[in-house]
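Letters A, B, C and D mark the chains in the order given here, with residues in each chain numbered from 1 onward.
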(Lines give C-alpha, C1' and ligand atoms only; values in the text may rest on other atoms or scores of the structure.)
Protein backbone atom coordinates (compact mmCIF):
# COMPACT_ATOMS: atom_id res chain seq x y z
CA UNK A 1 0.00 0.00 0.00
CA UNK A 2 1.35 3.35 -1.09
CA UNK A 3 0.71 5.27 2.11
CA UNK A 4 2.35 2.67 4.31
CA UNK A 5 5.48 2.82 2.16
CA UNK A 6 5.43 6.60 2.34
CA UNK A 7 4.88 6.70 6.08
CA UNK A 8 7.42 3.95 6.86
CA UNK A 9 10.21 6.31 5.69
CA UNK A 10 9.12 9.08 8.08
CA UNK A 11 11.81 8.87 10.76
CA UNK A 12 10.65 11.85 12.84
CA UNK A 13 7.05 10.61 12.97
CA UNK A 14 8.43 7.27 14.16
CA UNK A 15 10.59 8.97 16.82
CA UNK A 16 7.45 10.79 17.99
CA UNK A 17 5.48 7.52 18.22
CA UNK A 18 2.90 8.29 15.54
CA UNK A 19 0.93 5.46 13.90
CA UNK A 20 -1.36 5.47 10.86
CA UNK A 21 -5.02 4.70 11.55
CA UNK A 22 -6.46 5.14 8.05
CA UNK A 23 -5.73 6.82 4.72
CA UNK A 24 -7.76 7.59 1.63
CA UNK A 25 -7.68 9.97 -1.35
CA UNK A 26 -7.00 13.39 0.20
CA UNK A 27 -7.58 12.18 3.75
CA UNK A 28 -5.64 10.52 6.58
CA UNK A 29 -6.03 9.72 10.26
CA UNK A 30 -3.10 9.10 12.61
CA UNK A 31 -2.72 8.61 16.38
CA UNK A 32 -0.17 8.98 19.16
CA UNK A 33 -0.31 7.49 22.67
CA UNK A 34 0.94 10.19 25.05
CA UNK A 35 4.20 9.25 26.80
CA UNK A 36 6.55 11.15 29.13
CA UNK A 37 8.79 11.94 26.13
CA UNK A 38 6.05 14.15 24.65
CA UNK A 39 5.90 16.60 27.55
CA UNK A 40 7.00 20.24 27.59
CA UNK A 41 8.30 22.29 30.55
CA UNK A 42 4.72 22.84 31.79
CA UNK A 43 4.13 19.05 31.97
CA UNK A 44 1.55 18.99 29.16
CA UNK A 45 1.98 17.61 25.65
CA UNK A 46 4.48 19.76 23.73
CA UNK A 47 3.11 21.99 20.96
CA UNK A 48 5.79 20.48 18.72
CA UNK A 49 4.43 16.97 19.33
CA UNK A 50 0.85 18.05 18.63
CA UNK A 51 2.02 19.90 15.51
CA UNK A 52 4.01 16.84 14.35
CA UNK A 53 0.95 14.62 14.83
CA UNK A 54 -1.17 17.01 12.74
CA UNK A 55 1.65 17.40 10.22
CA UNK A 56 1.86 13.61 9.75
CA UNK A 57 -1.85 13.47 8.87
CA UNK A 58 -1.36 16.46 6.53
CA UNK A 59 1.66 14.80 4.81
CA UNK A 60 -0.22 11.53 4.29
CA UNK A 61 -3.31 13.27 2.94
CA UNK A 62 -1.41 15.63 0.64
CA UNK A 63 0.84 12.88 -0.75
CA UNK A 64 -2.06 10.48 -1.30
CA UNK A 65 -2.52 11.47 -4.95
CA UNK A 66 0.79 10.12 -6.27
CA UNK A 67 2.40 13.54 -6.88
CA UNK A 68 4.99 14.56 -4.25
CA UNK A 69 3.75 17.56 -2.28
CA UNK A 70 5.97 19.86 -0.24
CA UNK A 71 4.50 21.73 2.72
CA UNK A 72 4.94 25.48 2.35
CA UNK A 73 2.87 26.87 5.20
CA UNK A 74 0.99 25.67 8.27
CA UNK A 75 -0.83 27.22 11.18
CA UNK A 76 -2.07 25.66 14.39
CA UNK A 77 -4.43 26.86 17.11
CA UNK A 78 -4.40 25.08 20.47
CA UNK A 79 -7.74 24.92 22.27
CA UNK A 80 -7.06 22.61 25.22
CA UNK A 81 -3.90 21.25 26.83
CA UNK A 82 -3.42 17.49 26.36
CA UNK A 83 -2.06 15.45 29.24
CA UNK A 84 -2.45 11.73 28.59
CA UNK A 85 -4.35 9.03 26.72
CA UNK A 86 -4.33 8.83 22.95
CA UNK A 87 -4.43 11.80 20.58
CA UNK A 88 -5.81 11.60 17.05
CA UNK A 89 -5.29 13.84 14.02
CA UNK A 90 -7.60 13.69 11.04
CA UNK A 91 -6.83 15.53 7.79
CA UNK A 92 -9.31 16.62 5.12
CA UNK A 93 -8.65 18.23 1.77
CA UNK A 94 -10.15 21.71 1.60
CA UNK A 95 -9.27 22.62 -2.00
CA UNK A 96 -6.83 21.65 -4.74
CA UNK A 97 -5.62 23.63 -7.73
CA UNK A 98 -2.92 22.60 -10.24
CA UNK A 99 0.00 23.71 -8.07
CA UNK A 100 -1.36 24.26 -4.56
CA UNK A 101 -3.62 22.39 -2.18
CA UNK A 102 -4.95 23.15 1.30
CA UNK A 103 -5.82 20.75 4.10
CA UNK A 104 -7.35 21.16 7.52
CA UNK A 105 -6.53 18.81 10.36
CA UNK A 106 -8.42 18.38 13.62
CA UNK A 107 -6.62 17.01 16.68
CA UNK A 108 -8.81 15.36 19.33
CA UNK A 109 -8.22 13.31 22.47
CA UNK A 110 -9.76 9.92 23.25
CA UNK A 111 -12.75 11.62 24.90
CA UNK A 112 -13.50 13.37 21.62
CA UNK A 113 -12.47 16.80 22.94
CA UNK A 114 -10.93 19.22 20.43
CA UNK A 115 -7.26 19.81 21.21
CA UNK A 116 -6.07 21.75 18.17
CA UNK A 117 -6.99 22.96 14.69
CA UNK A 118 -4.27 22.86 12.02
CA UNK A 119 -4.32 24.23 8.48
CA UNK A 120 -1.62 23.41 5.92
CA UNK A 121 -0.76 24.25 2.33
CA UNK A 122 1.39 22.28 -0.12
CA UNK A 123 3.05 23.03 -3.41
CA UNK A 124 3.14 20.28 -6.04
CA UNK A 125 5.62 20.11 -8.88
CA UNK A 126 3.67 19.14 -11.96
CA UNK A 127 4.61 15.74 -13.31
CA UNK A 128 6.48 16.11 -16.61
CA UNK A 129 3.88 14.53 -18.87
CA UNK A 130 0.65 15.61 -17.20
CA UNK B 1 19.61 30.23 35.69
CA UNK B 2 15.85 30.31 35.18
CA UNK B 3 15.81 29.40 31.51
CA UNK B 4 18.07 26.40 31.95
CA UNK B 5 15.75 25.06 34.64
CA UNK B 6 12.76 25.69 32.40
CA UNK B 7 14.33 24.08 29.36
CA UNK B 8 15.74 21.08 31.27
CA UNK B 9 12.16 19.89 31.90
CA UNK B 10 11.30 19.97 28.18
CA UNK B 11 11.29 16.25 27.33
CA UNK B 12 10.17 16.58 23.70
CA UNK B 13 12.81 19.22 22.92
CA UNK B 14 15.39 16.82 24.40
CA UNK B 15 14.04 13.91 22.31
CA UNK B 16 14.38 16.15 19.25
CA UNK B 17 18.00 17.02 20.12
CA UNK B 18 17.51 20.75 20.71
CA UNK B 19 20.05 22.74 22.73
CA UNK B 20 19.90 26.28 24.12
CA UNK B 21 22.41 28.73 22.64
CA UNK B 22 21.37 31.92 24.45
CA UNK B 23 18.41 33.46 26.27
CA UNK B 24 17.51 36.97 27.37
CA UNK B 25 14.40 38.98 28.30
CA UNK B 26 11.93 38.23 25.51
CA UNK B 27 14.51 36.49 23.33
CA UNK B 28 16.07 33.06 22.87
CA UNK B 29 18.29 31.19 20.44
CA UNK B 30 18.38 27.39 20.15
CA UNK B 31 20.03 24.92 17.78
CA UNK B 32 19.67 21.37 16.46
CA UNK B 33 22.27 19.28 14.64
CA UNK B 34 20.43 17.44 11.84
CA UNK B 35 20.42 13.65 12.31
CA UNK B 36 18.72 10.79 10.42
CA UNK B 37 15.96 10.77 13.07
CA UNK B 38 14.81 14.22 11.90
CA UNK B 39 13.96 13.19 8.35
CA UNK B 40 10.55 12.94 6.72
CA UNK B 41 9.44 10.62 3.90
CA UNK B 42 11.04 12.94 1.31
CA UNK B 43 14.46 12.64 3.05
CA UNK B 44 14.58 16.28 4.18
CA UNK B 45 14.19 17.60 7.72
CA UNK B 46 10.59 17.04 8.89
CA UNK B 47 8.35 20.09 9.20
CA UNK B 48 7.53 18.87 12.71
CA UNK B 49 11.22 18.99 13.69
CA UNK B 50 11.66 22.50 12.25
CA UNK B 51 8.46 23.61 13.98
CA UNK B 52 9.62 22.07 17.28
CA UNK B 53 12.96 23.88 17.01
CA UNK B 54 11.18 27.21 16.43
CA UNK B 55 8.65 26.39 19.15
CA UNK B 56 11.45 25.77 21.66
CA UNK B 57 12.89 29.25 21.00
CA UNK B 58 9.35 30.70 21.27
CA UNK B 59 8.70 28.89 24.60
CA UNK B 60 11.99 30.10 26.09
CA UNK B 61 11.44 33.69 24.96
CA UNK B 62 7.80 33.84 26.08
CA UNK B 63 8.51 32.28 29.49
CA UNK B 64 11.54 34.50 30.13
CA UNK B 65 9.53 37.06 32.12
CA UNK B 66 8.67 34.85 35.11
CA UNK B 67 4.95 34.51 34.27
CA UNK B 68 3.97 31.16 32.73
CA UNK B 69 2.84 31.62 29.14
CA UNK B 70 0.77 29.11 27.19
CA UNK B 71 1.03 29.01 23.40
CA UNK B 72 -2.36 29.53 21.77
CA UNK B 73 -1.50 29.91 18.10
CA UNK B 74 1.49 29.50 15.77
CA UNK B 75 2.13 29.67 12.06
CA UNK B 76 5.17 28.61 10.07
CA UNK B 77 6.26 29.23 6.49
CA UNK B 78 8.95 27.03 4.99
CA UNK B 79 11.25 28.73 2.48
CA UNK B 80 13.95 26.12 1.82
CA UNK B 81 14.27 22.41 2.57
CA UNK B 82 16.93 21.60 5.19
CA UNK B 83 19.07 18.50 4.69
CA UNK B 84 22.02 18.50 7.07
CA UNK B 85 24.35 20.58 9.24
CA UNK B 86 23.07 22.62 12.16
CA UNK B 87 19.81 24.56 12.24
CA UNK B 88 19.24 27.60 14.44
CA UNK B 89 16.04 29.27 15.66
CA UNK B 90 16.06 32.77 17.07
CA UNK B 91 12.99 34.28 18.77
CA UNK B 92 12.17 37.97 19.21
CA UNK B 93 9.30 39.56 21.07
CA UNK B 94 7.08 41.52 18.70
CA UNK B 95 4.60 42.97 21.19
CA UNK B 96 3.24 42.33 24.68
CA UNK B 97 -0.03 43.37 26.27
CA UNK B 98 -1.36 42.36 29.70
CA UNK B 99 -2.73 38.99 28.60
CA UNK B 100 -1.22 38.27 25.18
CA UNK B 101 2.21 38.43 23.60
CA UNK B 102 3.50 37.75 20.09
CA UNK B 103 6.90 36.44 19.00
CA UNK B 104 8.54 35.90 15.66
CA UNK B 105 11.15 33.22 15.15
CA UNK B 106 13.58 32.87 12.26
CA UNK B 107 15.05 29.46 11.42
CA UNK B 108 18.37 29.48 9.54
CA UNK B 109 20.96 26.88 8.57
CA UNK B 110 24.69 27.08 9.26
CA UNK B 111 25.25 28.92 5.97
CA UNK B 112 22.91 31.67 7.15
CA UNK B 113 20.18 30.72 4.68
CA UNK B 114 16.58 31.29 5.78
CA UNK B 115 14.78 27.99 6.26
CA UNK B 116 11.53 29.07 7.91
CA UNK B 117 9.64 31.96 9.48
CA UNK B 118 7.51 31.20 12.55
CA UNK B 119 5.07 33.45 14.41
CA UNK B 120 3.58 32.52 17.77
CA UNK B 121 1.14 33.96 20.31
CA UNK B 122 0.88 33.21 24.03
CA UNK B 123 -1.73 33.81 26.69
CA UNK B 124 -0.52 34.69 30.18
CA UNK B 125 -2.57 34.21 33.33
CA UNK B 126 -2.13 37.34 35.40
CA UNK B 127 -0.26 36.75 38.63
CA UNK B 128 -2.60 37.18 41.62
CA UNK B 129 -1.00 40.29 43.08
CA UNK B 130 0.15 42.13 39.98
CA UNK C 1 -32.60 40.76 16.60
CA UNK C 2 -29.25 40.97 18.32
CA UNK C 3 -27.05 40.20 15.31
CA UNK C 4 -28.73 42.78 13.13
CA UNK C 5 -28.07 45.43 15.77
CA UNK C 6 -24.46 44.30 16.03
CA UNK C 7 -23.91 44.22 12.29
CA UNK C 8 -25.70 47.52 11.60
CA UNK C 9 -22.90 49.33 13.49
CA UNK C 10 -20.20 47.80 11.29
CA UNK C 11 -19.23 50.74 9.07
CA UNK C 12 -16.38 49.02 7.20
CA UNK C 13 -18.50 45.97 6.35
CA UNK C 14 -21.13 48.39 5.02
CA UNK C 15 -18.50 50.27 2.97
CA UNK C 16 -17.42 46.92 1.53
CA UNK C 17 -21.00 46.02 0.59
CA UNK C 18 -21.42 43.03 2.89
CA UNK C 19 -24.89 41.75 3.82
CA UNK C 20 -26.00 39.23 6.44
CA UNK C 21 -27.61 36.06 5.08
CA UNK C 22 -28.14 34.14 8.33
CA UNK C 23 -26.88 33.95 11.90
CA UNK C 24 -27.19 31.42 14.70
CA UNK C 25 -25.38 30.46 17.91
CA UNK C 26 -21.73 30.28 16.91
CA UNK C 27 -22.46 30.51 13.19
CA UNK C 28 -23.04 33.17 10.54
CA UNK C 29 -23.32 33.48 6.78
CA UNK C 30 -22.72 36.72 4.87
CA UNK C 31 -22.49 37.69 1.20
CA UNK C 32 -21.00 40.33 -1.07
CA UNK C 33 -21.89 41.07 -4.70
CA UNK C 34 -18.60 41.76 -6.53
CA UNK C 35 -18.34 45.33 -7.82
CA UNK C 36 -15.52 47.30 -9.49
CA UNK C 37 -14.66 48.84 -6.08
CA UNK C 38 -13.53 45.41 -4.82
CA UNK C 39 -10.78 44.91 -7.39
CA UNK C 40 -7.02 44.90 -6.80
CA UNK C 41 -4.27 45.88 -9.26
CA UNK C 42 -4.51 42.49 -10.99
CA UNK C 43 -8.23 43.05 -11.70
CA UNK C 44 -9.43 40.27 -9.38
CA UNK C 45 -11.21 40.67 -6.04
CA UNK C 46 -8.79 42.17 -3.49
CA UNK C 47 -7.49 39.89 -0.74
CA UNK C 48 -8.55 42.60 1.70
CA UNK C 49 -12.15 42.42 0.47
CA UNK C 50 -12.21 38.60 0.70
CA UNK C 51 -10.65 38.80 4.16
CA UNK C 52 -13.19 41.44 5.25
CA UNK C 53 -16.05 39.25 4.03
CA UNK C 54 -14.70 36.27 6.01
CA UNK C 55 -13.97 38.52 8.98
CA UNK C 56 -17.57 39.78 9.03
CA UNK C 57 -18.86 36.19 9.27
CA UNK C 58 -16.27 35.50 11.99
CA UNK C 59 -17.29 38.63 13.97
CA UNK C 60 -20.99 37.76 13.79
CA UNK C 61 -20.41 34.13 14.81
CA UNK C 62 -18.03 34.98 17.66
CA UNK C 63 -20.25 37.75 19.06
CA UNK C 64 -23.41 35.62 18.83
CA UNK C 65 -23.18 34.47 22.46
CA UNK C 66 -23.77 37.84 24.13
CA UNK C 67 -20.19 38.29 25.40
CA UNK C 68 -18.10 40.76 23.38
CA UNK C 69 -15.27 38.96 21.60
CA UNK C 70 -12.15 40.64 20.23
CA UNK C 71 -10.31 39.06 17.30
CA UNK C 72 -6.69 38.35 18.17
CA UNK C 73 -5.46 36.32 15.23
CA UNK C 74 -6.62 35.26 11.76
CA UNK C 75 -5.16 33.43 8.81
CA UNK C 76 -6.47 33.11 5.28
CA UNK C 77 -5.53 30.85 2.38
CA UNK C 78 -6.67 31.80 -1.11
CA UNK C 79 -7.44 28.89 -3.43
CA UNK C 80 -8.97 30.57 -6.48
CA UNK C 81 -9.14 34.15 -7.71
CA UNK C 82 -12.65 35.65 -7.63
CA UNK C 83 -13.76 37.90 -10.49
CA UNK C 84 -17.50 38.52 -10.35
CA UNK C 85 -20.87 37.29 -9.17
CA UNK C 86 -21.65 36.90 -5.47
CA UNK C 87 -19.25 35.66 -2.81
CA UNK C 88 -20.40 33.96 0.39
CA UNK C 89 -18.60 33.45 3.71
CA UNK C 90 -19.86 30.93 6.23
CA UNK C 91 -18.42 30.73 9.76
CA UNK C 92 -18.50 27.74 12.11
CA UNK C 93 -17.33 27.50 15.70
CA UNK C 94 -14.47 25.03 16.03
CA UNK C 95 -13.96 25.17 19.80
CA UNK C 96 -14.64 27.44 22.77
CA UNK C 97 -12.92 27.64 26.13
CA UNK C 98 -13.58 30.20 28.89
CA UNK C 99 -11.37 32.91 27.38
CA UNK C 100 -10.66 31.88 23.79
CA UNK C 101 -12.66 30.58 20.86
CA UNK C 102 -11.74 29.51 17.35
CA UNK C 103 -13.80 29.73 14.16
CA UNK C 104 -13.28 28.56 10.62
CA UNK C 105 -14.82 30.38 7.69
CA UNK C 106 -15.22 29.10 4.14
CA UNK C 107 -15.53 31.58 1.27
CA UNK C 108 -17.26 30.30 -1.87
CA UNK C 109 -18.53 31.84 -5.08
CA UNK C 110 -22.02 31.47 -6.52
CA UNK C 111 -20.97 28.34 -8.41
CA UNK C 112 -20.04 26.70 -5.11
CA UNK C 113 -16.30 26.86 -5.82
CA UNK C 114 -13.99 27.32 -2.84
CA UNK C 115 -12.32 30.71 -2.95
CA UNK C 116 -10.63 30.91 0.47
CA UNK C 117 -10.31 29.25 3.87
CA UNK C 118 -10.10 31.55 6.92
CA UNK C 119 -9.39 30.67 10.54
CA UNK C 120 -9.84 33.16 13.38
CA UNK C 121 -9.38 33.29 17.14
CA UNK C 122 -11.09 35.62 19.65
CA UNK C 123 -10.45 36.57 23.24
CA UNK C 124 -13.45 37.13 25.51
CA UNK C 125 -13.41 39.19 28.66
CA UNK C 126 -15.30 37.24 31.31
CA UNK C 127 -18.58 38.84 32.30
CA UNK C 128 -18.39 40.26 35.83
CA UNK C 129 -20.75 37.81 37.52
CA UNK C 130 -19.95 34.57 35.70
CA UNK D 1 7.09 54.91 -11.59
CA UNK D 2 6.10 51.26 -11.67
CA UNK D 3 4.68 51.07 -8.16
CA UNK D 4 2.51 54.13 -8.58
CA UNK D 5 1.05 52.63 -11.74
CA UNK D 6 0.49 49.34 -9.94
CA UNK D 7 -1.12 50.95 -6.91
CA UNK D 8 -3.28 53.39 -8.89
CA UNK D 9 -5.27 50.40 -10.23
CA UNK D 10 -6.04 49.12 -6.73
CA UNK D 11 -9.71 50.10 -6.34
CA UNK D 12 -10.28 48.50 -2.94
CA UNK D 13 -7.18 50.14 -1.42
CA UNK D 14 -8.53 53.45 -2.76
CA UNK D 15 -11.98 52.79 -1.27
CA UNK D 16 -10.27 52.09 2.06
CA UNK D 17 -8.31 55.37 1.89
CA UNK D 18 -4.81 53.88 1.66
CA UNK D 19 -1.90 55.96 0.35
CA UNK D 20 1.64 54.96 -0.62
CA UNK D 21 4.41 56.45 1.53
CA UNK D 22 7.44 54.73 -0.04
CA UNK D 23 8.38 51.69 -2.12
CA UNK D 24 11.65 49.95 -2.90
CA UNK D 25 12.87 46.53 -4.08
CA UNK D 26 11.03 44.06 -1.85
CA UNK D 27 9.74 46.75 0.51
CA UNK D 28 6.83 49.19 0.79
CA UNK D 29 5.26 51.55 3.31
CA UNK D 30 1.64 52.70 3.17
CA UNK D 31 -0.64 54.71 5.44
CA UNK D 32 -4.31 55.24 6.25
CA UNK D 33 -5.91 58.09 8.21
CA UNK D 34 -8.59 56.57 10.44
CA UNK D 35 -12.12 57.70 9.53
CA UNK D 36 -15.59 56.69 10.75
CA UNK D 37 -15.93 54.40 7.71
CA UNK D 38 -13.15 52.16 9.08
CA UNK D 39 -14.93 51.24 12.31
CA UNK D 40 -16.35 47.86 13.31
CA UNK D 41 -19.30 47.15 15.62
CA UNK D 42 -17.09 47.68 18.69
CA UNK D 43 -16.17 51.21 17.52
CA UNK D 44 -12.51 50.40 16.86
CA UNK D 45 -10.79 50.07 13.48
CA UNK D 46 -12.11 46.97 11.69
CA UNK D 47 -9.77 43.99 11.39
CA UNK D 48 -10.57 43.98 7.68
CA UNK D 49 -9.31 47.57 7.33
CA UNK D 50 -6.10 46.80 9.23
CA UNK D 51 -5.63 43.65 7.15
CA UNK D 52 -6.25 45.60 3.91
CA UNK D 53 -3.67 48.21 4.94
CA UNK D 54 -1.09 45.47 5.62
CA UNK D 55 -2.12 43.65 2.45
CA UNK D 56 -1.54 46.79 0.36
CA UNK D 57 2.05 47.04 1.66
CA UNK D 58 2.50 43.31 1.01
CA UNK D 59 1.15 43.62 -2.57
CA UNK D 60 3.42 46.57 -3.36
CA UNK D 61 6.51 44.86 -1.91
CA UNK D 62 5.85 41.50 -3.59
CA UNK D 63 5.10 43.04 -6.99
CA UNK D 64 8.13 45.35 -6.85
CA UNK D 65 10.35 42.94 -8.83
CA UNK D 66 8.50 43.14 -12.14
CA UNK D 67 7.04 39.60 -11.97
CA UNK D 68 3.33 39.46 -11.03
CA UNK D 69 2.90 37.81 -7.65
CA UNK D 70 -0.37 36.33 -6.37
CA UNK D 71 -1.00 36.16 -2.63
CA UNK D 72 -1.68 32.60 -1.53
CA UNK D 73 -1.69 32.87 2.26
CA UNK D 74 -1.64 35.53 4.97
CA UNK D 75 -1.91 35.64 8.73
CA UNK D 76 -2.41 38.59 11.04
CA UNK D 77 -2.10 39.01 14.80
CA UNK D 78 -3.69 42.04 16.44
CA UNK D 79 -1.86 43.42 19.46
CA UNK D 80 -3.72 46.65 20.22
CA UNK D 81 -7.02 48.12 19.12
CA UNK D 82 -6.66 51.21 16.89
CA UNK D 83 -9.09 54.09 17.37
CA UNK D 84 -7.91 57.18 15.51
CA UNK D 85 -4.96 59.03 14.01
CA UNK D 86 -2.91 57.57 11.17
CA UNK D 87 -1.93 53.93 10.80
CA UNK D 88 1.16 52.77 8.92
CA UNK D 89 2.06 49.39 7.41
CA UNK D 90 5.61 48.57 6.45
CA UNK D 91 6.49 45.41 4.47
CA UNK D 92 9.85 43.62 4.36
CA UNK D 93 10.89 40.65 2.26
CA UNK D 94 11.74 37.68 4.46
CA UNK D 95 12.86 35.20 1.80
CA UNK D 96 12.44 34.53 -1.92
CA UNK D 97 12.80 31.32 -3.86
CA UNK D 98 12.05 30.77 -7.57
CA UNK D 99 8.30 30.32 -7.11
CA UNK D 100 7.46 31.54 -3.62
CA UNK D 101 8.30 34.55 -1.49
CA UNK D 102 7.42 35.56 2.06
CA UNK D 103 6.93 39.02 3.51
CA UNK D 104 6.31 40.34 6.99
CA UNK D 105 4.39 43.55 7.58
CA UNK D 106 4.27 45.60 10.78
CA UNK D 107 1.30 47.90 11.42
CA UNK D 108 1.90 50.81 13.80
CA UNK D 109 -0.01 53.91 14.86
CA UNK D 110 1.30 57.47 14.83
CA UNK D 111 2.66 57.08 18.35
CA UNK D 112 4.84 54.20 17.15
CA UNK D 113 2.78 51.58 19.00
CA UNK D 114 2.53 48.15 17.41
CA UNK D 115 -1.02 47.44 16.25
CA UNK D 116 -0.61 44.23 14.24
CA UNK D 117 1.89 41.79 12.75
CA UNK D 118 1.09 40.35 9.30
CA UNK D 119 2.85 37.61 7.36
CA UNK D 120 2.11 36.86 3.71
CA UNK D 121 3.22 34.44 1.02
CA UNK D 122 3.03 34.87 -2.76
CA UNK D 123 3.34 32.53 -5.70
CA UNK D 124 5.06 33.82 -8.83
CA UNK D 125 4.56 32.40 -12.29
CA UNK D 126 8.00 32.19 -13.85
CA UNK D 127 8.43 34.42 -16.85
CA UNK D 128 8.79 32.31 -20.01
CA UNK D 129 12.41 33.17 -20.82
CA UNK D 130 13.96 33.64 -17.38
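To be clear about the criterion, a contact is a pair of C-beta atoms (placed from the backbone, for glycine too) under 8 Å apart; a residue touches a chain by one contact, two chains touch by 3 or more.
Small disclaimer: the values here were computed from a predicted structure and weren't measured.
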| item | value |
| --- | --- |
| Rotational angle, Cα trace of subunit A fitted to subunit D, multiple of 5° | 180 |
| Chain pair with the higher count of C-beta pairs in contact (A-C, C-D) | C-D |
| Most widely separated chain from subunit B, with each centre as the mean of CA atoms | C |
| Euclidean distance of C-alpha centroids - subunit A vs subunit D, Å | 31 |
| Centre distance in Å when subunit C and subunit D are each reduced to the mean of their C-alpha atoms | 20 |
| Cα-centroid distance, subunit A relative to subunit C, in whole angstrom | 27 |
| Touching two or more other chains - residue numbers and ranges from subunit B | 72-73, 75, 77, 100, 121 |
| Interface residues, subunit A side, partner subunit B - complex | 6-7, 9-13, 15-16, 36-43, 46-49, 51-52, 55-56, 59, 63, 68, 70-78, 81 |
| Interfacial residue positions of subunit D with respect to subunit B in the complex | 73, 75, 77, 79-80, 94-95, 97, 100, 102, 104, 106, 114, 117, 119, 121 |
| List of subunit C residues in touch with subunit B within their complex | 72-73, 75, 99-100, 121, 123 |
